[in-house]
Amino acid sequence: MSQSPACPRIGVYVCHCGMNIAKQVAVEAVTEFAARLPGVAVARHYKFMCSDPGQELIQQDIKESGLERVVVASCSPLLHEATFRKACAAGGLNPFCFQMANIREQVAWVTADKGRATSKAKALIAAAVERVSRAQPLERKRLAVGDKVVIVGGGIAGIHAALTIADAGKKVYLVEREPTIGGHMAKFDKTFPTLDCAACILTPKMSSVKNHPNIELMSYSEVEKVEGFAGNFKITIQKKPRYVHEELCVGCGECVDACVFPKAKFPSEFDEGLALRKPVYMPFPQATPAVVVIDPNTCLQLTKGKCKQKCVEACQRGAIDLKQEPEQVEVEAAAVIVATGFKTFDPRGLPQYGYGRYGNVYTSLEVERMVNASGPTGGEVVLKDGAKPRSVAIIHCVGSRDKKTHPWCSRVCCMYSLKLAHLVKERSGADVFSFYIDMRTPGKGYEEFYDRLLEEGVHFIRGRVSHITDWAMTKAEEGKLVVSAEDSLIGVTRRIPVDMVILSVGLEPQPDAQEVRKKFNISCSQEGWFLERHPKLAPVATFTDGVWIAGACQGPKDIPDTVAQAGAAASEALALIDKGYVEIEPNTAEVDPEACSGCKTCLGMCPYHAIRRDEEKGVAVVNEALCKGCGTCVAACPSGAISQHMFTDDEIYQELEGILSYV
Amino acid sequence: MPGLQIQRRVKYQEELDADFPRRVADMPGAADLNRCIQCGTCSATCPVSSFMDLTPRRVVAMTRAGFKEEVLRSNTIWLCASCYSCTVECPKGIKITDVMYALKRLAIQERAYPRHFPTPVLAREFFHKVRQTGRSNEGQIATVMILKTNPLKLLRQIPLGLKLLVKGRMSLWTEKMSGNKRQLQDLLDYMDTHKELR
Amino acid sequence: MRFLYYPGCSLKSSGRAYEESLLAVFARLQFPLEELPEWNCCGATAYMGIDEKKAFVLAARNLALAEQHGDGQPVHLVAPCAACYLVLLKTQKYMVEYKPIGRAISDALKSVGLKYRGQVKIRHPLDVLIKEVGLERIRAAVSRPLEGMKIACYYGCQVVRPFAEFDDPHDPMSMDDLLRACGAETVDWPCKVRCCGAMLTGTVEEVGQRRSYMILHEAMRRGVDAVATACPLCQFNLECFQGPMSRRYRDQVEMSVAYFTQIVGKAMGLDERTLGMHRLFIPLRQPPALLGTSHDC
Amino acid sequence: MSEQVPVGQPPDWEPRIVAFFCNWCTYTASDLAGVSRMTYAPNTRVIRVMCSGRIDPQFVLMALRQGADGVLIGGCHPGDCHYQEGNYKCLRRFAMLKHYLAAMGIDDPRVRLEWIAASEGDKVQRVTNDMVQRIKQLGPLKLEPVCQPGCRAMAGDQPSVGNRAVAADI
């Protein structure tokens, strides 16, 4: 067959994807169809195109049949375009002489009727064949990358990632919006399933962060703006005024004692409101940095503008500065790791559980503080009146597995409920009743932990609690909180009077997840968790190169999984830095000076100011290094002078024609 | 509406016997009761669970939760044939057969078994016979049992008894233990007098 | 090593054929079993339901006697009745596992001048035949191989469950191996260890007999000539209620149910009376090939 | 509810819809619909562009001219554009295009702009089904096949697949 440039030799490969595609699409028929399309020299179908033999098939045909263009009809290009481009390159073909037809995600998986799925697949393949005939060989450009990483969120995820990267000798900016790092884990006394002391394993890591020469800890700070791209981000960080000079304060606490408020008066955020603090305070003894902070909402000077400022007087180091202003810092980073964690469900949304109405209904997080030896009660489990509870109910799945709140399983609450059952029993000797829907304990040593709790004699009742009430129906219920549930394993409804109720609240995305996501140009799942590139194969990558996610911001998870992800994100960031460069997709715009009328329409279109006018020649010129390939200018040019590589008008019209020439 | 049976099905905590699970768990073999994960393997493997009012799994759950009345009055503990299937299959190593024994004993102690229910009666007969003679006599025990529980049935059993007699498989006199019968009785009496042993 | 024989109450009454055939087979194999003198009831199932400790003490007395009998030598106590076998094993085990039980039993034994140090090994005849005698010796003793005879081995509950270690509790094979060594064919069937109804056949007939019926029904469906048992209660339940069962379930139930020792004895050419064959309600069905012919010469 | 087939329309007629989806949001969403196995009407054929800002109104007109019965444009929600504001530009062009289409007598539901975020797989399903439904009610789009500059298929300088090999396969 003769090879004319107008009609290059095309190879078409139809993937079965096991049965994923083959079940809905008649792959043989589609292949026969493809074989008869103009320019197609080879058409094959194969079980798994992305597998090694599948890729070799392409390489071999390029070499043996002299293919000049390749079309693979398989899954989404977002998944495997890179794979097949590499295969083409390995076969000696320019990787951009390639086109993918998405017949899995957009055909086989979404089409009920087999016949119509087959037709749609044919149309998409016809389109790809038409389009690829117009494809042009292109070159990728390389850009050098920096060697610094910004990590957002100083929970265990952020801390672990920061230490990993810093230990590898790279600079880390750890941005935490609270006055201290530590996240949720810092609040716990013990962690399941080993019951090792949270502080014992966390605080050494926290102080390593503070002391590490490669880590710049930016607490009480938030990311304002992110510009740039993988390898070369420019990030603006806003430092909130602490009203204390961090570098001067040594955390002696003199100022706290001296404050005009003689007694702590305001609910402590760190202690979930179970303890009180002054306007100037240290969140908790091991806070990192070990520096006080002055709360602008309660400090007299900062609210009323009038105070004796005893604190200022007390500080011998002159660390307090009530006039401190927010500060903006701009840093460069090659990579970003977002590790902003989660928030617990607010049970006020479920009034039937009486949180906020009955004093002795607590959230799990409050009880975490209560059982903490350095917490507000010194580790004692006590009721509001100071007495020890004789019986305690723990309610699982509060705000989880419920269409009305959150449909998902929060994954850690079964385990932490078991942990709290153990701690409460140990500290108070109370009878503990645990109400669960399913006991979810998948993890190393987790089922064994459940077994241990069973043995300890916690009363497990399978049934979701309908309500908690102080309406007594019997003598024994008087003065108690009564928990109502069907004991679904025994088959009767039960009312159990208890002194204290713990609500095992679920995990939900941070309330500002949407704003954070926009800043970093990453996506959220429907529920609001940050979206990973692939749930199995790229769990810490995002769709934005150079931005990784780790920990509970990606979905509910426990500390072991969080740390695993943090390690993964850190090593992916390090891999990028180590590689030293990024490759830029050659989908940039180009102006044809012959056609350009110099009207300047395009200049205002480009969000990246990538186009300027060559005053001498009177035409527009695109700066390839700045162009990100959106194509907006192309659509705008009245003279049709701009084209976008990989998305030329020609290619798109061709694709359109392919689609419409076939039903 | 006539015929509509209405029963209160809620259980108040004070109606339960908080001590009951401990009493059961204190008996040999029943200690692991709490570790039950309610998987139901015991009920599924039990050859007679299809006739039980409470499946073995529910017996475990209810025992553990203190449903003493319901458990001791259930037919389950008497239907248990001691086949040990459940004990072998239980993923948590709970000796359910022993739990059933423990419950039988408690039911007898508390006189909470169905009147005229043959099994407890049979057990008592057996008990007396062994004390007298050191050995049991199946034929005699069975006869007494039937007389005490369902005398009419005895008539139906006559042909079988006769046949056994003819084949030499049943004797009307009791085979007695040779030798030191006193020793055996002393042994049993010792257990009675030393209540602290139980 | 001494092998003492613990008959238990059943082998002296309803299970007499078991004792007769067992002793005859062991004698033929020149493996003498000596009856434990002065033994008493093992305490068995029903007793557990009234007074567990007394049940244990009953069993323990037998163990103490056996140990005494050994004069310091290891003693094997062979208990053919499944219930006896289980109770003896259970007593031995619980005496060690549950300290209070162990202590109470020891004290009681002491009060009558007995002592048990745990030196007795409790064995089931199937265990002894396979592990001590060995299939080789058994094959050698077979004079009239049971060619063409198809047997369903029924182990029942308590022989391999829950304490025995000589065979698999789900799919025991010892009896199958034994009868195959005797030339018979054995079937792979799902009822080997399913419960026969135990005491319920007499106490709660509708429950107990249904168990037995289902087992026999399956045996008939699989076209066997006989069901071989290793427990007097199983044998009794499966054989003696076939009449009532046939009426209750409107299904003619007729199936030979014999002790495995009777069948082994047959293969060894032992005399019918010695094997207690005359005590069976339903004579052991034999394939025509075996009738009348004699391989003895 | 039975579907009403408008008079004069072949009973087995199925509308053809061309969809231009931006790479970052809507194309990802339609992948998500696939991953979530949400079945929907197979009438749409997606053309992927990097940004909805790349969509030239010409593309839409060309699609209609070449036989599409409808065109769906999908982009990121306002404020979410991967390229900051390409979707606003798209919106502006779309408004203009609508005027033009109205003048040409093309019914409103045939050309539709939807903001569909990467997480909104269900919206892809909903919008597609709804659009197919509406266009079915309108029946096939009948345009005078006027040949325009740039319409190479019509001008005959390019062999159309439909005209040649494929026809027999349908």
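Lettered A, B, C and D in written order, each chain numbered from 1.
Note that in this section a residue touches a chain if its C-beta (ideal position, glycine included) is under 8 Å from a C-beta of that chain, and two chains touch if they have at least 3 such contacts.
Just so we're clear, the structure is a prediction, and the values are computed from it rather than from any experiment.
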A-B or A-D, whichever has more C-beta pairs in contact: A-D
Euclidean distance of C-alpha centroids - chain A vs chain C, Å: 66
Interchain centroid distance [CA atoms averaged], chain A/chain B, Å: 59
CA centroid of chain A to CA centroid of chain D, Å: 32
Geometric centre distance via CA averages, chain C-chain B, whole Å: 23
Topology of the chain contact graph, where touching chains are joined (line, ring, star, complete, other): line
All chain pairs that touch each other: A-B, A-D, B-C
Of chain A, residues touching chain B in the complex: 439, 450-451, 454-457, 459, 461-462, 473-477, 487, 489-497
Chain C contact footprint on chain B (complex, rising order): 27-29, 47-48, 51, 78-79, 81-85, 87-88, 97, 101-102, 104-105, 108, 118-120, 122-124, 126-127, 130, 134-139, 142, 145, 159-160, 163-164, 167-171, 175, 177-180, 183-184, 186-188, 190-191, 194, 197-198
Residues of chain C touching chain B in the complex: 9-10, 12-17, 37-41, 44-54, 57-58, 61, 86, 94, 97-98, 100-101, 103-104, 107-109, 111-114, 157-158, 161-162, 169, 193-195, 197-200, 202-204, 206-208, 211, 240-241, 243, 278-281
Chain A-facing residues of chain B, complex: 9-14, 32, 34-38, 57-58, 61-62, 64-65, 67, 92
Chain D residues within the chain A interface of the complex: 14, 16, 18, 23-25, 27-28, 30-31, 33-35, 37-40, 42, 45-51, 53-59, 62-63, 66-68, 79-80, 82-86, 89, 93, 117-122, 125, 150, 152-153, 158-166, 169-170
